[in-house]
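So that we are looking at the same thing, I have put the structure below in structure tokens.
Read from first to last, the chains carry the letters A, B, C and D; within each, the first residue is number 1.
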Amino acid sequence: MANESTENHGKAMQPEETPQLQALYRAFDEHNIKPLWTQIGNIMPRHPAPKAVPHIWKWSDLLPLAEKSGELVPVGRGGERRALGLANPGLDGNAYISPTLWCAIQYLGPHETAPEHRHSQNAFRFVVEGEGVWTVVNGDPVRMSKGDLLLTPGWNFHGHHNNTDKPMAWIDGLDIPFSYQNDVGFFEFGSDRVTDYATPAFSRGERLWCHPGLRPLSGLQDTVNSPIGAYRWEHTDRALTEQLLLEDEGQPATVEQGHAAIRFVNPTTGGDVMPTIRCEFHRLRAGTETRKRREVGASVFQVFQGKGAVVLGGETRQLDVGDIFVIPSWVPWSLQAETRFDLFRFSDAPIMERLHFHRTHIEGEEK
Amino acid sequence: MANESTENHGKAMQPEETPQLQALYRAFDEHNIKPLWTQIGNIMPRHPAPKAVPHIWKWSDLLPLAEKSGELVPVGRGGERRALGLANPGLDGNAYISPTLWCAIQYLGPHETAPEHRHSQNAFRFVVEGEGVWTVVNGDPVRMSKGDLLLTPGWNFHGHHNNTDKPMAWIDGLDIPFSYQNDVGFFEFGSDRVTDYATPAFSRGERLWCHPGLRPLSGLQDTVNSPIGAYRWEHTDRALTEQLLLEDEGQPATVEQGHAAIRFVNPTTGGDVMPTIRCEFHRLRAGTETRKRREVGASVFQVFQGKGAVVLGGETRQLDVGDIFVIPSWVPWSLQAETRFDLFRFSDAPIMERLHFHRTHIEGEEK
Amino acid sequence: MANESTENHGKAMQPEETPQLQALYRAFDEHNIKPLWTQIGNIMPRHPAPKAVPHIWKWSDLLPLAEKSGELVPVGRGGERRALGLANPGLDGNAYISPTLWCAIQYLGPHETAPEHRHSQNAFRFVVEGEGVWTVVNGDPVRMSKGDLLLTPGWNFHGHHNNTDKPMAWIDGLDIPFSYQNDVGFFEFGSDRVTDYATPAFSRGERLWCHPGLRPLSGLQDTVNSPIGAYRWEHTDRALTEQLLLEDEGQPATVEQGHAAIRFVNPTTGGDVMPTIRCEFHRLRAGTETRKRREVGASVFQVFQGKGAVVLGGETRQLDVGDIFVIPSWVPWSLQAETRFDLFRFSDAPIMERLHFHRTHIEGEEK
Amino acid sequence: MANESTENHGKAMQPEETPQLQALYRAFDEHNIKPLWTQIGNIMPRHPAPKAVPHIWKWSDLLPLAEKSGELVPVGRGGERRALGLANPGLDGNAYISPTLWCAIQYLGPHETAPEHRHSQNAFRFVVEGEGVWTVVNGDPVRMSKGDLLLTPGWNFHGHHNNTDKPMAWIDGLDIPFSYQNDVGFFEFGSDRVTDYATPAFSRGERLWCHPGLRPLSGLQDTVNSPIGAYRWEHTDRALTEQLLLEDEGQPATVEQGHAAIRFVNPTTGGDVMPTIRCEFHRLRAGTETRKRREVGASVFQVFQGKGAVVLGGETRQLDVGDIFVIPSWVPWSLQAETRFDLFRFSDAPIMERLHFHRTHIEGEEK
């Protein structure tokens, strides 16, 4: 039914620019009117045509800049965080990695504290290396260690403090661009110091909720956000390891051959950890290449372990530990594993799915 | 717990601009990095601080411009629609009435056809006056008459044709800005003429679905969008009339004293008609003033009948039939009815609710 | 994988009845124990093996008995209702039409009142003929007229009064057997007279809720039961009529060729009117025969208009207006229409679906 | 509004037994009719009046009888399981522990196999002592060890085999009475031997699903039943231990003072493990007494560790390890812990909640 051959989208109907038409256009301007016919090809493209571009930030660039910031820039009330936002080159100099997502490297020096605040924006941290910082979420101190995913969902007070003599860096992911663009954000300052400097191995949320398939009777009400403050690397690693072992045994377990993957979920619902951000972890066997796919919505990956490459919009780019890359909406991509290859991923997929804009195209599959 | 007195948000932590810092900032630029501490006060405001502004478009301005467009601008493939988008003065000249919503007056001359296409963007039409056009949605011709709400949800082919010797104008509402901003849109051309020029009084969707509390056994699968193509004025009017009569009888029925209101819903779920757009109709008795409220997300009203005013961000503005106004996120507003006052409303509330960003503050109520 | 040829279910493993075994069985009895192996074939049959049997009650039998009851049996507090329960011949003399459902003909003489009470059991009335009674549900008087379905969901006070000089009879459907069997029922007496003897044409629930696709803003909270007190025949009839007209036009609308059908639903959710009882209305064109089907769960039909037959467990039975028949679980059935044939149906399908026991087998379809 | 003082429920309206009435009653019998007024007080009681009675089965009675059955009764195709059903003394000699639930002690001798079958009925096993048996569920061997809960949800093939030289006993819980009563059951024989005699420490389901908060990307479709085949005691114990430690630290974690409890859930939804059966584990500190409560629906407890008592319908009964007791609907109960007291619980609560019949009354709380 669709007329795919028509290529004059946004061009054909343009009327001749007569003086009368120019007068009409001036009247439009006076009355805050823009005609559809002059811009439809731009604002209603044939498929997503993101201004955001595929891009890779090398950890070998990011970490030294974060360290230098640690020397030159204090952390405290007002600026709130020593965070370096990754600015997509297509997005006009804003610190947006995609139109929806923010990704930053945050750096906290020895014994520093990032003060408490809360905001509507949903946030997480992922720890590519290091340890020694605790994030205090609504009074619950959560240890940050290598490979862990930590949540600070919208409107929870949170601060960070470094309990050691060594600095620590990690990545922050938030929905700041989405919140800013759609005018949904509230922000409140909390305590200038974190409210609890204890350094327990496990947070209270984990102790209550991190028992597989078990739900406390004191927590039968479903929650919008996951009550789990930290998803520990040991669990993630074991889950991925088991998937590959099951695959070795000929059992269905992986998402495609050689490709193990888990999604971090809210145990009260089985759904995404927060309403706007999906978090996943992927592991490829050495030599595996994933099928090429396109998806509506933006994804960000950080390499956690191993070496490999991403084919992103047709171009193959080498990846090392810590490297971060963004895949804008509908850009085709696949991953190639040189060694065993572990990657953390986050995306805006819950937005797309909840609003029914999601589409996926996988090469070789009928849609 | 919050420290409301701190006013230095985004200011305090700024380090001194030493040569080293300037060098660091240059390195940031080279590596596509933006620090959070220089911009947090802007991108994470204390409460929604929309660039969009409250604004009113007078029907007495819009209609003549639409008529003039009818003389000067053809309608057809390429431009697709003779639609005048209302451009919020705060939004940089884009035809966005809010960051999420598009609102336009569309005009179709005698016996003209707006060709068929489909797109991911969800759309509706509301008819403030006139009749004689049929919208053909996936082959089902839907009559457009005064007071009717018509749906063309995402990815349904649709075109319009005027079956009479008189022009007709109406408003279109879509989620174009949201779709464009978040790179979710697909677009496909359909037939250059509409696929069915029949002019039935009622569409097939209505005949199957518009029986209160009854669901066809051939339609037991829930649908993302309402299967009802047109919500007729006679039903809307009767529902509002009954609410006020019930209020007269001392029964709970209205949303507040003197204020009847209905939401247009998907009969398969009881929820909003489409995943991104909420549609409602409000009726105030003469002399009624609604309670002042703020809401996260943007709303657009069009006056359908009667006279009154809106108090918008503290300023009282008179309203006549056909006038359209936008309430950006978190701007306080209330309505005042001089006569019996009927208003159509649409908003992005489903986005806010599905992503859990919604908040409402009603003056005099505890939150 | 299944071993369909094994026919010794419940027989094979039986051990020899030695004195030791007899002693063991006596010990079982003493300790309130029953071994599985002696009874598995009975309590875990290969497919549903209902004790309930297919049965038809003729309206020409029921109505005179109801009239006779009207002469001999008063209606009032204690007995509560002059209702004749249809007792499935397979169910040991209990007034159960199926293990889950109760169906009765209720009779109210001129100017009689059936007093108010409430109970956990969900109930409805369907009016095969007559008029003049109002059911008062939580204070809201609901007119009962021919073809109407009325709801009195669990824990709503309700009474009936006959406002005329003529008697009226109708059928009641409830989940009494299910409630009794599973010990879930509460019961409370209300007013000895109904609380409101007004006789409005439409109940308040209808006036608020019976506008297709419209939801009052005062009723945005979803409800367990439908807020509609009466589903009027005029709507049911029109919905069925339109389905057949659409079929005539070659459009998908009916559930199978010549077979129009609607489900009565809760407008707040699109789901069944009450958590345990499904209500539907079916219309067959003259000459239509429905496909033979089996379903888990029990259904009851009452002929509303026309003549036809039901093929029930292989036996064809003629049906006249008012006749009521029950289809126990997994008994094959089909309907044959001699004239245009209208039937009201209710069933326990919501129980089966909510607990995931539902299965349907339609002759000629793969399962 | 309710008239609580009326005590003539089911008595008042009874008409005088005249010859005419007797003739009418005979006519009712002939036509399979039962009047409501003669039986309403029985079938619609003021509150649940279960025929099932509170009862305790002593493990010290059950285990010897199971052992004796092991000597005298073979296990194999036909009888299927060497299971001793606990027959509630109020339920007419049926092996029903409640109108909805079946509970049995099952016994498997050294190197015996209970053959594979599948049925609509949902089932679980709980292991109060012992080890050495594997349950094979749809081909996945699941180790059974002390304290573990194992699921075999409806329509999954399953068999058991004892891999050791020692017998093993455990309890089975099913919804057999509910399924039988409501005619929903299907049954199919499978392999006479289990399909896989491997004895892995962990089942494939556990390896894929038992990672807290992590969901395999190969398992994103929600499932009716939990995909976890075994909930291990080590997790249950740790979850309960942490709740009591958190309580010691002054944190909210327990369901009431001194009372830790978890629910076993389906990780794809956070809801109950199966649609008809809820499983929980409770731990009381020594000296704790729970608040007295009544609930709609039946519960069964088995003591796992420690000593204590249950106050059941006003009577205090001592409990030892392995003892099983049933609480019929609406019977008041509380638990008393002499030592630390661990109890496994299962109930029909999902039936009650999904059909909206649930009610709970806790002494001292407003309802």
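To be clear about the criterion, a residue touches a chain if its C-beta (ideal position, glycine included) is under 8 Å from a C-beta of that chain, and two chains touch if they have at least 3 such contacts.
Nothing here was measured: the structure is a model prediction, and the numbers come from that model.
Distance between subunit B and subunit D, defined via averaged C-alpha coordinates, is recorded as 52 Å.
For the pair subunit A and subunit B, the distance between mean C-alpha positions equals 29 Å.
Separating the CA-averaged centres of subunit B and subunit C is a span of 43 Å. Counting partners per residue, subunit B has no residue that reaches two or more other chains.
Arrangement of the chains shown, judged by which pairs touch: one closed cycle in which each chain has exactly two touching partners. Contact between chains, using the touch rule, shows up for A-B, A-D, B-C, C-D.
Residues 1-4, 6, 8-15, 18, 20-21, 24, 27-28, 31-40, 43-50, 52, 55, 57, 61-62, 65, 68-69, 71-89, 93-95, 99-100, 104, 118-121, 154, 157, 176-192, 224, 275-276, 296-298, 328-330, 348, 350-352, 354-357, 359 of subunit C touch subunit D in their complex. Listed in rising order, the residues of subunit B touching subunit C in the complex are 204, 207-218, 220, 222, 226, 228, 231, 235-236, 238-239, 242-243, 245-246, 251-255, 261-270, 273, 280.
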